[in-house]
Amino acid sequence: MHFEIPRKELLNPLKMVVSVVEQRQTMPILGNVLVSVADNVLSLTATDAEVEISCRLPLETRLGTDDDGATTIPARKFFDICRSLSEQQPIQITTENDRVLIRSGRSRFTLSTLPAADFPVSSENPNMLSLNLPQSVLRELIAQTSFCAAVADVRYYLNGLLFDLMPSKLSVVATDGHRLALATREYQLPEQPLQVIIPRKAVLELSRTLDNVDDEVKITLDQTHIRFEISDQLTLTSKLIDGRFPDYYGVLPHNPDKIVVATCDVLKQALARVAILSNEKYKGVRLNIKAGMLALSARNPEQEEAEEELEIEYDGESFEIGFNVNYLTDALNAIPTEKVELCFSDPNSSCLVKPQDSDQQKYVVMPMRL
Amino acid sequence: MTLQLPLGIGLTSSASFANYVPATDNQAIPRIVQDVISGQGESCLYLWGGHGTGKSHLLQAACQQISQHGGTPVYLPLTTFSQHSPDILEGLDALDLVCLDDLQAIVGLNEWERAVFRLFNFLREAHIPLLMAAHTVPKQLGLSLPDLVSRLSWGGVFSLTALDQDGLVHALQKHAQGRGLELSTKVARYLIDRSPHDMATLIEWLQTLDYASLSARRKLTLPFVREVLQQQLLPHASK
Amino acid sequence: MATHLWNQCLRSLEHELAGADFNTWIRPLQAVEEADALRLLAPNQFVLNWVRDNYYQKISGMLQHLRPDRVPSLILQVGSRSSGIAGTRVVRRAGEVASRLMQAVKTPNPAAAVVEAQKPNTRLHTATGASSAVAPPLSPHVSGLNPQLTFEHFIAGHSNQLARTAALEIAEQNDESNTYNLLYLYGGVGLGKTHLLHAIGNHLVVRQPHTRIAYLHSERFVGELVKALREKTVGEFKKYYRSLDTLLIDDVQFFAHKQQSQEELLHTFNILFEAGKRIVLVGDRPPQQLEGLEERLKSRFSCGLSIAVTAPDYATRVAILKAKAAAQRMPFSDEVCEFIATHVQSSVRELEGALHRVIAMARFTGQAVTLASTQNALQDMLMLEKPLLNIASIQQNVADYFKISVPDMCSRRRHRHLSRPRQMAMSLIKELTRHSYPEIGEAFGGRDHSTVIHSCKTVAKLKQTDAQVRQDYEHLQKVFMA
């Protein structure tokens, strides 16, 4: 295999692909990136055995005709070398037996390789269902929910995002067992409704590759895999989490009778100040709500105290409730509107946080007993 | 004490044949129940055994299976109903499966015995499967309607025995798995040794542990389970 | 009809409700999805009221969540999805679900699956047996007959020979002849009286395809009359029953104290009887001894031939078993039949129960039925017939054996001469009965279940190491098992 490519063309795609490679692998070949050349196209593929990212780059300069071929190169080193090379010189890559030679100007590097045939590439295109979504919508849905997913919980369903494809809408749900995020958009699903759970890591990788543009992402999936074709060049394939997602509708508060309307930014800033003196382990903050006024307070184990007051729209009876301040702040950060609604029923039940006058985003946060 | 309340989210492990672990002596039972509800052989079946031997589980598993195939079943634990009139039994011959649990609850209630008898006859005429469960064999229930007693044993009477230690471990782990939890054999044994050795109690405990683990973001390790058991479960269980 | 929306509600409800409640209240509902409504059909008013009071709001909320753009209205009513004549509809529907299930039931035991594959005939037969059992009635003039229950399938013996002959004779009578048209059969439960009623009907269906026959249980007569009164269709009710050529009524003792039904039965009886129609009645005792029945009715019942059916004798029991087993393509050897006939004596129904049990076990294991497998299959059933095996009797026997009193044995005292028998009694009860650890503990002066578990372990250990304990235990075991 042999090809030449300008550094600036290679670097970004390589960065994107290599990001999926884990620092430590169970199989050595998972530390490598698959590099192949065929029909004037260079393909780069990396995987952690769950998520696979693949990039296709057209080659303009070819040095010979029998230069097609494939190999796998240690990903991290390959990327670090390319990044450090000079901007001006093109990069030439040539395989020699079980090694690969990287040249640029007066620099030469030789890296060991592993056979391309051993690289675990994801199988055929998943073909059970296919749909298209604008990049911007997909990006937004993920940004509005993914922060609520758990990291490495024993319950498999907490470690991913649910894509709930219903006949007239698409919902994305994430929960870590203490709070839940639900983002919904109208969408006419052409086929049977379906629920799939996408691993958190795949979603994070995906969101890195998405831009705020209206170009469509083509999504195809089957029982075990989902593939996102982000552009002609970039494809992300992920295994799906095997199993059911619990019923999330049941945890949405159904008849909250105490509705508080606050200015999102003011509330966020007040919470940030009070949080300084909250217990570092539990992050508890107390909300004291009465007509027209919300008092926030926090106290740490050293008995140091913080208090804040802000004006709200509320005319019901007074009550008090405690929360992990981070859960509230995370939800508020994801809400773009000026006004935010906090809906309560009682101090042992969840609170619903949502943008005013919109049902596109819902955050359910469980209280804390302080 | 500061305590983060968890969301009421989680997987329910509804009773099904897949999560039923039969005791060594009961290996044949799930299959026999399935034969009855799928219209092979007899159309009624009577199961009996002590508390926590899996009678209710099997009856509900049968309901689950019938619904999955588009049928309409009903499960009636008669203890809940015996204080009321037997109106709940009306019109059940329009369904595809009727399950009567805790038959002992209606012993001596003449109106109920008659109603069950009537239901039995209607279902039999229409070839609708009927599963029944009680704590002892039909003859020892003490029913006052001999016609009913003799019908109860018509399709065959099968007893259920309790699970032994290994069976309990296996069953408990299976239920944990159904909830998306991992339960090591060591921890399962620990729980079983402190329980009254019946699945009903163990499943309740598992539910409490699931909730506690979600709240505290802890795995079901031995120290964690011990803590929950001592603080929440055993004070109630030891009476 | 798509019940997609309802399926989504079901998922949520299954999660929210405890398993039992879901199976009790939600699963029996049938859903009909219409353009702008979800109609839920409950089997009866009781279920409907409960669902309305406890789940209506919840379900409405779900519909709002699932289809916010066009929220369907939720309608609850008593009913059932398909319409038509109750009997045939149900039979057909049950058959459908059953056959779908039959294909879907997976064999949990690979060994059994292999055996079944080798014996396609057994399989085939059960399948056809089931489907012919759910076949709709043969003629529109016939209601309530089970085509399986014929004279050919009826095993006659000393105890029921007379009844069978009388039944066959009345079935052979022509409609016009007025000589012999009333028969009353009586006897205890489960002796085959119902079988004879159906056999008469089935025989007539073949002989006279256009004759109008109804078989019904007296409870159904009562129920239909009540319904007719409520729905103001008594005229039709009367017309139907009075137009029959043959009326077969089972368990007439259940007319007791039902004045209105007795009145109606009497009229029907009189009209049919005078027109020379066939009437066959079954009761649990001779007509004159029926309680709660009007004298007029009792004397009408006595007008014809009354014949008793008694419990089958040994030879008949053996013959019945042979025939029933053969009909299921599970041949039973003589010794198997003799074993069952010896141990199950009271009624034909009980014999059938035992037979079904043996066959079910054989199907599961895939082995032929042998004496050993039969003993095995019926073991616990036969054991329980012995009055000896309950907590009190085991306690008493153990206490007698060790020459101590039951109260002492159950007391809190820890002396060895009391604690050893106590542990042994607990262990025996656990082994020989179905009582749980907590129940046994309760019977021994309110001890904790862990004490019982500990006792059983101790006895198991001692049996290995202490010859005396082993001897005592085995002796007691023999006493109870004998």
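Per-chain numbering from 1; labels A, B and C assigned in written order.
Here, contacts are C-beta pairs under 8 Å (C-beta built on N, C-alpha and C of every residue); 3 or more make two chains touch, one makes a residue touch a chain.
Just so it is clear, the structure is predicted and the values come from calculations on it, not from any experiment.
**Student:** Using each chain's Cα centroid, which is most distant from the centroid of subunit A?
**Tutor:** When every chain centre is compared against subunit A, the largest gap points to C.
**Student:** Report which interface contains more C-beta contacts, comparing A-B against B-C.
**Tutor:** B-C
**Student:** What is the identifier of the chain with the smallest separation between its Cα mean and the overall Cα mean?
**Tutor:** Minimum centroid-to-centroid distance belongs to B.
**Student:** Centroid of subunit A to centroid of subunit C, CA atoms only: how many Å?
**Tutor:** Subunit A and subunit C have C-alpha centres separated by 58 Å.
**Student:** Could you grab the centroid distance between subunit A and subunit B? Build each centroid from C-alpha atoms only and quote it in angstrom.
**Tutor:** From the centre of subunit A to the centre of subunit B is 42 Å.
**Student:** So how far apart, in whole Å, are subunit B and subunit C when each is placed at the average of its C-alpha atoms?
**Tutor:** Roughly 20 Å, centre to centre.
**Student:** Would you give the residues of subunit C that are in contact with at least 2 other chains, written as numbers and ranges?
**Tutor:** If we look for residues of subunit C contacting two or more partner chains, we find 14-15.
**Student:** Pull out every residue in subunit B that's touching 2 or more other chains.
**Tutor:** Those would be 11-12.
**Student:** Multi-chain contacts in subunit A: which residues touch at least two other chains?
**Tutor:** Within subunit A, residues 246-247, 250 contact more than one other chain.
**Student:** Which stretch or stretches of subunit C touch subunit A in the complex?
**Tutor:** 4, 8, 11-12, 14-16, 58, 61-62, 65-69
**Student:** Which residues of subunit C touch subunit B in their complex?
**Tutor:** Going by the criterion above, the answer is residues 14-15, 19-20, 22-24, 27-30, 43-47, 78, 80, 86-87, 89-91, 93-95, 97-102, 104-105, 107-109, 112, 126-127, 130, 133-134, 144, 146, 188-190, 217, 219-220, 223, 251, 254, 284, 328, 347, 349-350, 352-353, 356-357, 359-361, 363-365, 380-381, 384-385, 434-439, 448-450, 453.
**Student:** Given the complex with subunit A, which residues does subunit B contribute to the contact?
**Tutor:** 1-12, 179-182, 213-215, 217, 219-220
**Student:** If you look only at subunit A, which of its residues touch subunit C in the complex?
**Tutor:** Within the complex, subunit A touches subunit C at residues 166-168, 193, 246-247, 249-250, 252, 254, 359.
**Student:** Using the touch definition up top, name the residues of subunit B that touch subunit C in the complex.
**Tutor:** Spelled out, the residues of subunit B in touch with subunit C are 11-12, 14-15, 17, 27-28, 30-32, 34-35, 37-42, 48-53, 56, 60, 63-67, 69-77, 80, 84, 87-96, 99, 114, 117-118, 121-122, 125-129, 136-137, 139-140, 146-147, 149-151, 153-159, 161-162, 194, 196-198, 238.
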